[in-house]
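Going by the order they are written in, the chains are A, B and C; count residues from 1 in each one.
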Amino acid sequence: MRGALKKISVVSVLLLLCFIVNWTQRTMDRYRSIKFVDKRVIFLPKGEVLKYLSMGYRGLMGDWLWIRSVLYYGRRVVDEDNPYYQYALKKGEREEPLVSVSSQVSAAADTLLQIREELKHILYKAESRGLVDYIYPMLDRVTSVDPHFVFPYIFGGLYVLMDTGEVDQAQKLLEKGYRANPDRWEFPFYLGWIHWMYREDLEKTVKYLLEAVKKKECPSYVGNLLAGLSMKLGYKESTLLYLKTMINSTDNPEIRKQLEEVLEKISKNR
Amino acid sequence: MADLAIHTENLTKVYRGDLGKRPIVALDGLNCDVERGEVFAFIGPNGAGKTTTIKLLTRLLRPTNGRIFILGVENKSHNSMERVGYLPELPNMYGYLSGREFLDFIARIFKLDFKERKRRVSQLLERVGLEKSSDVAIRNYSRGMLQRLGLAQALINDPELLILDEPMSGLDPIGRKDFRDLILQLRDQGKTIFFSSHILSDAEMIADRVGILNKGRLINIGKLDDLTSSHITSVDVTFRVESDALSRVDTKKYKTVIRDQNVMVRLNDSKEVNELVKSIERWGGQIISVIPQRKSLEEIFMTEVGR
Amino acid sequence: MRVCTVALNTFKESIRNRVLLNILIFAVGLILLSLVIGDWSIYQQVKVIKDFGLSAMSIFGLLIAIFIGIRLVVQELEQRTIYIIASKPIRRWEIVIGKYLGLSLTLAVNVIIMTLVLLCTNYITEGIIDFGLLPAVVLIYIEILLIVGFSLFFSSFAAPTLSAVLTLAVFVIGHLSGFLRDYIEVYPDRGYHWLLKIIYYIAPNLEALNLKMAVVENLKQPPHALLYGIVYGTAYLLVVLIVTAAVFHRRDLK
């Protein structure tokens, strides 16, 4: 009997200890505050340092930082207190159209202009949550480590922008991406978007869109947009001139074809 | 010189000391010749330099000074080891191979062709008594099996010269007897055997010549008989007398031990033997034996080394 | 040839070595794990899988270099199995180079296995077999060979722990050489540029053997990046091996 008693007591002590370990872990988890997580990025070295720190595994390091950013962002944004989330939930139930904030815009205002106002209405600044302080530095690191990883630039320049309204940082990020990847159409396109939507600088918008149209694999809707904008806003003549010069200066037959298509669209829409 | 299996001239090995310590002289000017066809025992206390010498002979170490000739060729090139077999002390071999695989590997190093390899490997495994364990992984071998496999690999190239470092260590008495027999067999085949040992009785039993090493120096070298005969300590003479003649034995002059009719006398000087023999004749006794008690190699060893 | 005998024997040893098998399973596991992790990275699954796969292969090689490459010579000396073989009619360099070749063969087999796994996981997600990954794989293999060469070199005269540390140091310096080069370019001459330049050219430039990023993102590479990488890596490797053989030749096997 002595042997059995010993075995039972050893096993029960083990079980008790396991329970204690589990219970304390759960208790500690309950009291963990998200706030402490916010300032994490301060402890990460700068992008340039991380670049060398990764010892040749830059792609992997970039991916890891990216995944961290995404997980953090997802956790913070898709969150019950976020009004944007509430709006998205309610959107299904809404019947009347959104009231335009600047109703002084002329009735002949384009659909595009109207949508711009509506979009502004639903922007939500999440600064107080520390989202911006974390996400933009993180994206900056991701892109320093892996400058040709395109999606983070667009994520920061577009999606985060729409959630937080941080135009300056978004623009900076897109410009950085454009410098590192001058052959991609996405960057001038989204920069054009920013200048149109937030900066209301139509000259720059057209300039960027013109650059976007030149790039490889640029989708046709960019050309359409350029055509529509330049016509509506009276930039048609200068746009045509620009396009003609570009067509003459390029040797690449694909790009030339793209440009000629856009030229045709603009010329046709008198 | 070609008739010498081993010839060293002023062989010296000095090790750099550790930081701040003096350099260590492991071997100091060794001049040693081993003739072809003989069994040469290299004895000495631990740390005398026996293993160092052997490693110098087998190109594991480079001499600080001096030259070494193996079978007439200076051992600067790896080719000088072609006709040599070497068994290190407490040999260890690749645990992940079986005994057979290991011997085959060594045979390949000697560039033996497929048929020859197969033949020799099987033959040697049988000769050292390892046929049953030939496919067992070496990591599972006992000490005795390792020793035997070690000897097998030393013989794989049918060498003219065998260099063995403490070959009997780790063997039980039967193993040692087998080993001794094997060495004598090899000697009869015309091979030269050079071995080191600190078990003097083994050396006594099989060596033709002996070299005594101490603190890196060769302090004595010569035929076993010569070494020991110069150290005859006493002579035991045993003879038999008729019981009535017992009283005639001069017990005052000689130390005697008497049992029944057998008398044993221990003489301290071999010169007295002839005189005693004459006396025995006078007493009417029959000589049974005359045995000179030589100093054993061990005693010689102790004296030499103690000096 | 005797070198081949030793090489095949070493190959046999690695095959029967459980450590190698475990590390291989670990690497393959990592590659498969990337399928899961890729899911977390919004639309970037393909990139993550490729990054993970190539990195797993590279890290695997590093682990092998440190754990097994060093053991190659050190184990022979510690377990005293070297005495029997070194006393045979075989040149010292044949022993050490033979072992190296045996390990290289093992590594080649392992890299091929991992490449196949990577191509499969890539096929599962992207739907095509991306042969564009192969240049990076080739240079990863050469980088591994170079690191193994270094670990062999260090272990031929230093203790195992020190050899491991030195090999790791070589790996770090090799990947930081780009930093050194940038530093020299960006900052004005501070009087010790010549020293930095010497270090830069002597240290193995492992970034020259790194096409991982380039291959995953289909970047424009300088012409013949693969060819130059192969030539650089192989030439440097031969230097290391020759020096190792020389060191081992003179070494006393106490």
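By our rule, a contact is a pair of C-beta atoms (placed from the backbone, for glycine too) under 8 Å apart; a residue touches a chain by one contact, two chains touch by 3 or more.
Here the structure is a predicted model, which is why all the values come from computation and not from measurement.
*Asks:* Are any chains cut off from the rest when chain C is left out, and what groups are there?
*Replies:* Ignoring chain C, the remaining chains break into A | B.
*Asks:* What chain sits nearest the middle when you go by CA atom centres?
*Replies:* Nearest to the common C-alpha centre lies chain C.
*Asks:* Between chain A and chain C, what distance separates the C-alpha centroids? Give it in angstrom.
*Replies:* 38
*Asks:* If you average the CA atoms of chain B and of chain C, how far apart do the two points sit, in angstrom?
*Replies:* Those two chain centres are 50 Å apart.
*Asks:* What is the distance in Å between the mean C-alpha positions of chain A and chain B?
*Replies:* 86
*Asks:* What are the residue numbers in chain B that touch two or more other chains?
*Replies:* none
*Asks:* Name, in rising order, each residue of chain A that touches chain C in their complex.
*Replies:* Per the stated touch rule, the residues are 52, 55-60, 62-63, 66-67, 70-71, 146, 148-149, 151, 155.
*Asks:* Under the definition above, what is the set of chain C residues touching chain A in their complex?
*Replies:* Those in contact with chain A are residues 37, 40-44, 47-48, 50-52, 54-55, 58-59, 171-172, 174-176, 178-179, 206-207, 210, 212-213, 216-217, 219.
*Asks:* Mind listing the chain B positions that touch chain C in their complex?
*Replies:* So the residues of chain B touching chain C come out as 55, 58-62, 78-82, 84, 86, 88, 90-94, 96-97, 105-106, 108-111, 150, 153.
*Asks:* Could you list, by residue number, the parts of chain C that touch chain B in their complex?
*Replies:* So the residues of chain C touching chain B come out as 2, 5, 9, 12-13, 16-17, 79-81, 83-91, 250, 252-254.
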